[in-house]
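What follows are several structures.
Consider the two complexes below, in which chain A is the common component and chain B and chain C are the respective partners.
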Partner chain A sequence: MYGWAGQRLRVDLTTGQITKEPLSYEYRRKWIGGRGFNSDIIYNEVPVTLDPYDPRARVCFGVGPVSGTAAPSTGRVTVTCKSPLTGGFGDSNMGGHWGAELKYAGYDQVVVQGRAKHPVYIWIDDDKVEIRDARHLWGKFPREADQMIKEELGDEDIHIVMIGPAGENMVRFACTFNDVWRAAGRTGTGGVIGSKNLKAIAVRGSGTVKIANPQKMMEVCNRLRQAFKTDPMKMGLYEFGSLCLINVANRDGWFPWRNFQGGAHPLANNMSGETHSQTVLKHREGCFACPICCGRFTHIKEGKWAGEEFGGPEYEHSVPTGPRVGIIEDANDIWHNARLTNDYGMDGIETGGVISTAMEWYEKGFITTKETGGLELEWGNEEVVDKLIPMIAKREGFGDILADGAERAATRLGLPEEARYYTITTRGMTLPGDDPRGLGFGYGLSFAMGTRGGCDHLRSLCCLELSGALYTGLNTKILGDERGAKPVTTANKPYMVYYEENQKATTDCLQVCCFTTHWSYAVLTPDQVEYLNAVTGLDFTEEEFQEIGERIVNLERAYWNRMMSGAREDTVPERFLKEPMPQGVDYQTNVGVVLPLNEMLQKYYKYRDWDPKTGFPSERKLKQLGLDYVARDLAPLRNKYLSEAEKKKRKYYY
Partner chain B sequence: MSNGKALVYNQEKCTGCRSCVTGCSLYHDGECGKVVSRIAIVRNERFGESFVVGCDACTDAPCAAVCPTGACHMDVAAGITKIDANKCIGCKECAMACPFGAINMHYKTGKAFKCDLCEGRAEGPVCADWCPSGAITYTSPAVAFKAKRREKLVERLKAAKAGEEG
Partner chain C sequence: MALMTQAQAKKFIAMDDKMLDVLDYLKEKGVLDARMHRKILLEGYSKLVEYLEQKKYIKANEAKEAIKKGFDYLLPVLAE
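Right after this comes the complex of A and B.
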């Protein structure tokens, strides 16, 4: 078989049973790989009413047909589960080398279910798969466990997926790592893995990926790799990492200052990629087969945290426990906080999100030191943040409340309804460090619609707004319309989000990095179809490529619909709709802007062919996408969603 | 004589991305994988370090010296040792003799295989061509050494100056 390995590995930790299931041609053609395979498993095997920490819940690791090949950036893995943070559909995507290694070992997907009696790890050595004792690894930081597992198995070149202490303690936003530092951060996958008493999955793959048309593949890859050599986005990301965004964010006013109270700050350059690379950068890192290499390795040289080392930071990883909680003066504090969330194994975005929300509650008087156990949650108080991060990971004191996420924390603290104005979440998950009033209205729409909850800059990743402003003609080339080529406009944004959500979904199935496809736009849909066909020997078309993405978006959407989440929940935090963007720096471009979400929403539903009243996909659309069984699942729920009883229910899904 | 060029590895720049590995295996074997690549990457993830291991085109090549059948021989025109698969008996002597670990045994044929500078590829070796960080370059070693000398000198002077000021 070309491209795919052709089988799924299923490990039941309750019974210890290990099975290998073949993946049929029809199945592979319908879902392609990674995110598609995973979403199918979650939809069919995890009931919407199941507790995400129930042993019967699944956690899936998927790779795609081009994983491990020479196409640009083919090392990614999608980790999917029913999210313990939102209660809904949850997945997250990580780079590193584990994905390629899994493919070389001969698997397209690993599904883990059940719960082991004591901590274990899974060792995949090509065909040989075993469940091993991990009691001695429990409580260890990823970097420590990495060393112990590699020494135990006697091979330093293997690649390991693992969780940190936060995952073991079932923090609701714990993340999953591979290669020690590459995190699938969002939706709390680490907690689900921890709930199964699983610490790690180590892989050694000594096989290859067979290529149907090697000559063609060489030609396509060669062309794409040459293009990256002179790509301006590649240069920025290689030189400065994703922190190259800091100064851009500050100019365009989407720098998340103090829980999005502001969008720019005069000292932002303290933590910019330009500053980082001149002060604390030790090494540049690359995920598998990447022509960009945006990864960083940081060594703090001065101050309180001198000597600390870690892989990172990224823009999204460092901003939340930095400016979002009011820390900007000393960048070393920000790097230190990023190091902490890494070592403890928590999503930096959610960690910063809950702390900044708590800080705003503290500022507005909703909570006092009585609730926080004496912690003075003032903006920019590094001492408190430094204490709180480990407390969250270990679920100690006030940290235990925050470990359940911002929405649950509000419930547990018994806060009044007004306090929820400051939880910057949609569907229970905190938004990343991008203010849609500046980054773009397309992003705002995408935050409202993301099928994994409040994220979600990575569902549509409509960089056609920002990159579009840089590359004249790019929007016309891809969408046939240039009007959307600037962030602060609603023109063509509904179609842009619709198109890019579909495009990104299939890209996630191929498991190639979106920095190659959506940031730089050096790899476009026709290129992806070309290398997919060269690898698999099949005849995918651009239309089919889009259709597969649309199928996945609709399937994931239907999972939420089955939980009675629909049009009423398609919104963003009120702050973005009501508060005009204040001025943070004099060169800021978006002062006074609010997000006009509603006018985009209605058009978006039309493109999607979703009922605007319920937000449920129409029966016609589902059938057209080959999702008849989904249409049957949703049929009895449409009227229920509109009932008065449902309207009154608070939707936190847990 | 060879064209005077060689693969020069600048270890400090390696990001460990294995773009070279995918290109090498695809070009030579028409499949992608670490086990069929002539170039290898050693990663120390915990410390954020990565290193390239490829043929260094030794002048007195140990791999050729230990070969009992003459399969592994110095190709003077190419400036690198090559392995004649017809003569190779798969004894692994060359793989063990290589001071760098740049020779492997092929999983299909059981015979030794190594870098051949992508013989016949117009753009030169694919690893250097695709390397995104400049860790692998295909260049005249003399030029590379001069550039390194200058780079290191500037670095030293800069550090000394910063020391005086600080």
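Right after this comes the complex of A and C.
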């Protein structure tokens, strides 16, 4: 067998049973790997009624057939579970080197189930797999525990997936790390891992990936690496990391100022990639086989946080606990907050989202210091944010309420319906730091349709909209003209979202980085198919590749449909639909814009062949994709979704 | 042979998002079968141009221009 390792490792932490399951040719051809393998397991093995923290729930780690090869950026891994934040389908993926190492150890996927009696970690040393005591690691930051495990195993070169204290405390948006700083941030995968009393999975692999056609593979990889040398997006990402977007976001009005009350601020440049690289950048870091190296390592030199160091930040990691909570004057406060969310192991987006929501509730009078335990949640109050992040991670006081996410917090606080206007969530998850009134209407549509909740730039990734204008002719080649390259237009957006969702899903099966395949278009779908075939020796076509993506999108969608989440829930926070974008800077390009979501939604359903009344995939579509069993699952639920009883239910999380 | 009228071409050009409508129309006219309709939808506009050239609905130089200029060029050509 070429490409794939050909087996899944399954670890049951209740029984201690460790099994290796072969992955058939048909299975690999149907799902490719990574996200595809994981989504299949969640759909089939985790009932929609199960509590995500129930020991019977699964958490999956998937890699793909090209993981660990010389194709661009092949170290990624997708972590998938039933999300404790939304209650629905959840996944997130991360860079680093762990994915490649797992492949070298001889596995395409790890599935963990059950719950250990006390904290443990899993040690995968090629064929040898052990469950080891982790009581001494519990409570440690990832950077500490990573070093302790390496010392314990006597190997500095192992790669470790890890949770922080927030995951141990089952914060509903705790994330999963590997190589200390690389986070699978979204949907709360870290909480599920913590609920299993699992601290880490350490991997050492001494094997290789068998390549069917090495000469062809080298030709393709050399060609693609040459293409990166002049790629415009690569230049920005290498020089300034994803913070290269700050000044663009401010100009185009998608900078998330005060929980999206505004989209631009005169001081945004304080936290731009340009400023960061001149002031606190210590060095750049790259993931496995990455031709871009967007990773940053930060060392704060001045002020009250002087001496702090951490891997990061990213754009999405820093704007939520910066401008979204009203902090902009001193960028060191923003870097410090990003460092805190990293060390405690929480999704920076959700952390900033829930704090900014609480700040807006405080501003509007829905809560007072009585509810917050004395914390004065004023915009830009760094002292409070600095206190709240650890309180959330430790589930202390008001932090315990926020640790359940904004929607559950509204329930726990007994707030009136109108307070939910400020939660800025879709299907229970907060949106990333990108205002669709400026970032683009395609993104707005994709936020409404994301199969892991209100997200995101890593799901649909409407980069034909974001960076399409930098690649002359690309929008025309795919969509038929260049109009979609303009953000604030509905032109071509339904087709763009349909196309890019499919493409992203398959990219996540290969487990390569979207920065090398969508943000920058040095690698296009035909290139991906070419190296996939060179590695596996198979004959995938571009059509088949895109169809696999479509299959995955439909499977994940059906998981939500089984939870009675469909067309009524396909929306974005009302703020984006109702409030015209205010002016924040005089050069802002989107003043007065609102998101015309409904104009795009109906057309999107047509592309998907989903029923516009229910938002459920048609039986015809599911059968076309080889998902007959899903069609059978949904058949009795279609009318139920349209029943009066269901219509009356308001669902904020599941 | 014209595959559509100029009025139809203009109607498509004016549409905000036209890929599915154009493909549906060409399928109805027997230019595309269900299999090709699906393939083009999954792969994108350039595959439509490739197919039309291959089946001699458009000439090589027209296909080249259609890849550069998009539907605004292609649809009037299909109406000639």
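Basically, the second predicted complex is superposed on the first by the 651 of 654 C-alpha atoms of A that agree within 3 Å, B and C clash if a C-alpha of one lies under 4 Å from a C-alpha of the other, contacts with A are read in each partner's own complex, and residues count from 1 in each chain.
To be clear about the criterion, a residue touches a chain if its C-beta (ideal position, glycine included) is under 8 Å from a C-beta of that chain, and two chains touch if they have at least 3 such contacts.
Treat the numbers as computed from the prediction; the structure is a model and nothing was measured.
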When the two structures are overlaid on chain A, which partner does A:Val180 contact: first (chain B), second (chain C), both, or neither?
-> first
Figure out whether A:Arg568 sits in contact with chain B (first) or chain C (second), or with both, or with neither.
-> neither
After superposition on the shared chain, which partner residues are touched by A:Phe288: those of chain B (first), chain C (second), both, or neither?
-> first
Touching partner for A:Arg132 - first (chain B), second (chain C), both, neither | neither
Of the two partner chains, chain B (first) and chain C (second), which one does A:Arg395 touch, if any: first, second, both, or neither?
-> neither
Of chain B and chain C, the partner touching more residues of chain A is B
Who does A:Leu479 touch here: chain B (first), chain C (second), both, or neither?
-> second
What residues on chain A touch chain B, complex-wise?
-> 68-70, 74, 97, 100, 104, 143, 146-147, 156-157, 179-181, 206-211, 214-215, 217-218, 221-222, 225, 228, 234, 238, 282-293, 295, 297, 309, 311
Name, in rising order, each residue of chain B that touches chain A in their complex.
-> 13, 15-19, 21-23, 25-27, 29-36, 42-50, 107, 123, 126, 129-130, 132-133
Taking the complex as given, what residues does chain A use to touch chain C?
-> 473, 476-482, 490-495, 499, 502, 525, 542-543, 546-547, 550, 599-600, 603, 606-607
Write out the stretch or stretches of chain C touching chain A in their complex.
-> 16-20, 22, 38-39, 41-46, 48, 67-72, 74
